[in-house]
Every structure is written in C-alpha cells, then in structure tokens.
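Here come two complexes built around subunit A, the first alongside subunit B, the second alongside subunit C.
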Partner chain A sequence: MKIGVVISEGPYTHQAADSAYNFVKSAIAKGHEVPRVFFYHDGVNVSTRLSVPPQDERNIQINWTTLAKEHDIDLVVCIAAAQRRGLLDENEAKRQGKDANNIADGFRISGLGQLIEMGIQTDRLVTFGD
Partner chain B sequence: MSTLHTVNKSPFATDALLSCLNHCSDGDAVLMIEDGVYGALANSRISKAVQARAGSVTLLILGPDAQARGLNSDKCLSDVGRVDYDGFVDLVTQHDRTQAWL
Partner chain C sequence: MSVTKKFLYVNRKAPYGTIYALESLEVVLIGAAFEQDVSLAFLDDGVFQLTKGQDTKGIGVKNFSPTFRALGDYEVTKLYIEQESLDERGLTKDDLQEIVYEDEDDDWAEKPSIRVVNRAEMAAIMADQDVVLSF
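Showing the complex of A and B:
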C-alpha cells in the first residue's frame, strides 16, 4: 500500500518527527511504500542542515535524510511555511537576496500542490503534529 | 468504511481524546500515541468516558510510548489494547482513512 505522511510539528518539540520516523521505518519494513513526506507548519524546521544536537543524541534531520536516501522518499518542505521561518534553498536565497541557504540534503522546497498530489496518489495519509 | 483516529495529547491537557471518543463511529479504532497514552490510565477522571466506548470502538495505545512513560499494563484499563509501530501500520492499512486529532 502507498502511505503518505505529513509532519506539522517542529523537531525536538514533542515527538511528532520521531513518531513519524518510526512509523515510516515500520511501514517500509512491512513492504509498504512511502513515496513522500510533507513537512508543514513548524515541521519545516526539521529540514535545516544547521541543526547541531549533542553528539550522543538523535539527529532528526540526518535521520530523515538517511532514510530518504535509502528508500527514495521525497521530502517536501512547504515553501510558505519555510520562508516565514527562515528556511531557504539556494534558489530561494538568491531570489530573496539573502546571503545564505540552509536546506539539508534530501529535502526540497515546494508547495501545497505536492501535499494535494500526495493525497491523490497514496492510499492512506497519516498526519503527525501538534 | 471505518476510520483510525490518532490522539497524541494527554487527556489531562486538552479535550482531544474526549472529543474523539464522542465523535468516532462504532467500528472505528482510537489509537493513543505520544502523551495521548495517558488516556489509558485506570482510575483517572476520564477513565469512565474511555471505558464507555470500549464495546463499540477498538481502543489502543502505542506500546513504546506507554512504556516510555511508565504505563505498564497494571496501570492501564484492561479495555485498552497495546500495539507496536508494526501494529500502528497495520491499523492504518486496515481502516479506510486516518484522522489525527491534533
């Protein structure tokens, strides 16, 4: 079965990004397909590559980047939510005249259309959030 | 058509679990995750409301989240079952849709 996932809570806030990560790992291990994870609202903060948690602690961003590479998951960050929170990829930084970008490897910035498309193209949609 | 409801907030912090229990249909499943697992506590001020739906709705908690909060089976309502993440995935596929009560 194809399962789409939405994360709408920031990392290290409560547990949404961790719950979603464990859920996606289990779903894939059971033979399901998770083609895309959509990061919305504060969930977009997962995508910064400038996060440096203590080394003996889980790194939520790296966990997602690694999982996405292993299983070809499209990690989509909502552009409107990202711009409000200072998350820019190279193109957006240029377009907005900013001197830096911070989107981690494996994530891409796109719009709500990708959320709607995920709803259409998957059999189930599961939301983790605040 | 049945729905899997997920509740991730403590019933002592928000009304999400009570709203969910009042709105869900017979044959649905309610899975309490994260702080939502406190909804399974026995002898609490909401345990009667939880037990009242036990006959018509499948009540579950996510085992790893319950364990992380010290909620062993002896502290929980016997009407509430336990699943792990694999069980969570099965619930998602067994029901027609998933509704998160955020």
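Showing the complex of A and C:
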C-alpha cells in the first residue's frame, strides 16, 4: 500500500514527529511504500539543521534525514508555513534578502500542492498532529 | 490530473488563538486548483470560524473570515457545520455569515454553501471520503 504522511506539530514539544518516524519505519518494514512525508504547521520546524538537542537525546531532524536517504522518501516542507516560521533554503534566503538559510539535507521546500498531490496519489493519508 | 477523490477538510479549532484555521483555509484554496471533490466540515470550536461580524482589530491578526465567501468561486460549495457543536456553544444558524455559490447546473442560481448537519450525518459524510485532513 502507498501511504502518505503529514506531520503537523513541531519537534520535541509534541510527539507527532517521533510517532510518524516510528510509523514510517514500521510501515516500510512491513512492505508498504511511503513516497512522501509532508511537514505543515509547526511540523516544518523539524527541517532546521540548526537544532542541537542534548547528546543523550534523539535528534529528530537527523532521524528523518537518515530515514529519507535509506528509503528514498521525499521530505516536503510547506513553503508558506516555513516562511512564517523562519525556515529558508538557500534560494529562498536569497530571494527574501535574508543572510542565512537552515534547511537540512534531505528536506525540500515546496508548495501545498504537494500535499494535495500526495492525497491523490497514495492509498492512505495519515496525519500525525495534536 | 484525471483521478478525482473526495477530500474533506475538518476544522475543529477556533479561528484565532492558533494558526490551524488559517493554514487549513490556505490548503483549501491551493487544493481547489486540483479539481477534486472538496468538502469542508466545521465542528467543535471550528464552528466559530463561520460566525459573522468577526473583528480582529484588538488582537492584531488578520481577519480572514471574508475569504470563506470567496470559496464558491473556487467551486468549493459544501461547507458542513455540525448542529450539536453550534448548540453546545449557544450559536444558531443566524450567527453565521451568509456564504453562497452559483449553481452552474441550475442556471447559476445562488444557493447557500453552509449546510447544517447533525452529528450522525457528519459521521456519514466523513466515512464517505477518500482523504480527510484534520485541522
């Protein structure tokens, strides 16, 4: 089965990004496909490469980057939600005249159309939120 | 895109205080371009999103409630609102803004987009969907 995943709460404050991570790992292990994960609302904050959690804690961003590389998962960060919350890739930083960017490897910024497209193209859409 | 699925956007939260309602509406507007079968559901505090006379001057955020009236132009014409959620909050249909669409199958007659349904009907509407996005 093709499963699309939405993460709509921020890392560390909420469990959503962790639960989604465990869900995606398990789904793939059971033979399902997860072609894309869409980050929305505060979920976009998972994509910053500048978070530095204590060393004895999980690093949610690195977990996702690693999993995405292993299984070729498209990690899409909503551009509108990202811009509100200060998450920019190199192109957007330039375009907006900002002096830094912070999107981690494996994530890409794109539009909400990617969320709708995922809903159309997958068999199930699973949201991890509050 | 040839596949048409039934998309339901479920709105459970008050229009202000958190960003969920606004970012839900942003998905609805973008999603409209994909020509899917779109419905919106309003329940719990989400029913406040459709109230008329919203004034956000005092809280310094944008009043986005007029945007709901433009949904008809995007062919988003099914706004289901739950009767029990209205009742629990002391609201009636008269407290809601008027939202209409032009029915192209009926000589462009103006028809109301807001449809009040009870909890059981809302459950049936949800069960009938392909994709449910909850906000």
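The rule is short, and it goes like this: the second predicted complex is superposed on the first by the 130 of 130 C-alpha atoms of A that agree within 3 Å, B and C clash if a C-alpha of one lies under 4 Å from a C-alpha of the other, contacts with A are read in each partner's own complex, and residues count from 1 in each chain.
Keep this in mind: a residue touches a chain if its C-beta (ideal position, glycine included) is under 8 Å from a C-beta of that chain, and two chains touch if they have at least 3 such contacts.
Since the structure is predicted, the reported quantities are computational estimates derived from the model, not experimental observations.
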| request: Answer with clash or fit: subunit B and subunit C placed together on subunit A by superposition. | output: fit
| task | Examine A:40 and indicate which partner it touches, taking first as subunit B and second as subunit C; both and neither are also allowed. | result | second
| query | Touch check for A:1: first (subunit B), second (subunit C), both, or neither? | reply | first
| field | Which superposed partner A:115 touches (first subunit B, second subunit C, both, neither) | value | second
| request: Check the residue A:15 against both partner chains and state whether it touches subunit B (first), subunit C (second), both, or neither. | output: first
| Which holds for A:23: it touches subunit B only (first), subunit C only (second), both, or neither? | first
| task | Once the structures are superposed on A, label A:86 by its partner contacts, choosing first (subunit B), second (subunit C), both or neither. | result | neither
| task | Specify the angle subtended at the CA centre of subunit A by the CA centres of subunit B and subunit C, expressed in degrees to the nearest 10. | result | 60
| message | Between subunit B and subunit C, whom does A:127 touch in the aligned arrangement: first, second, both, or neither? | response | both
| request: Give, as a whole number of angstrom, the minimum Cα separation of subunit B and subunit C in the superposed three-chain arrangement. | output: 5
| Taking the contacts subunit A makes with subunit B in one complex and with subunit C in the other, which residues are shared? | 8, 125, 127, 129
| remark: Given the complex, residues on subunit A that touch subunit C span 6, 8, 40-41, 80-81, 84, 111-113, 115-117, 119-121, 125, 127, 129
| note | Counting only contacts in the complex, subunit B reaches subunit A at residues 6, 8, 33-35, 64-65, 84-86, 88-90, 92-93, 97-98, 100, 102
| What does subunit A use to touch subunit B in their complex? | 1, 3, 8, 14-16, 19, 22-23, 25-27, 29-30, 32, 123-130
| remark: In the complex, the residues of subunit C that touch subunit A are 1, 3, 5, 7, 19-20, 23, 26-27, 30-31, 33-34, 36, 130-135
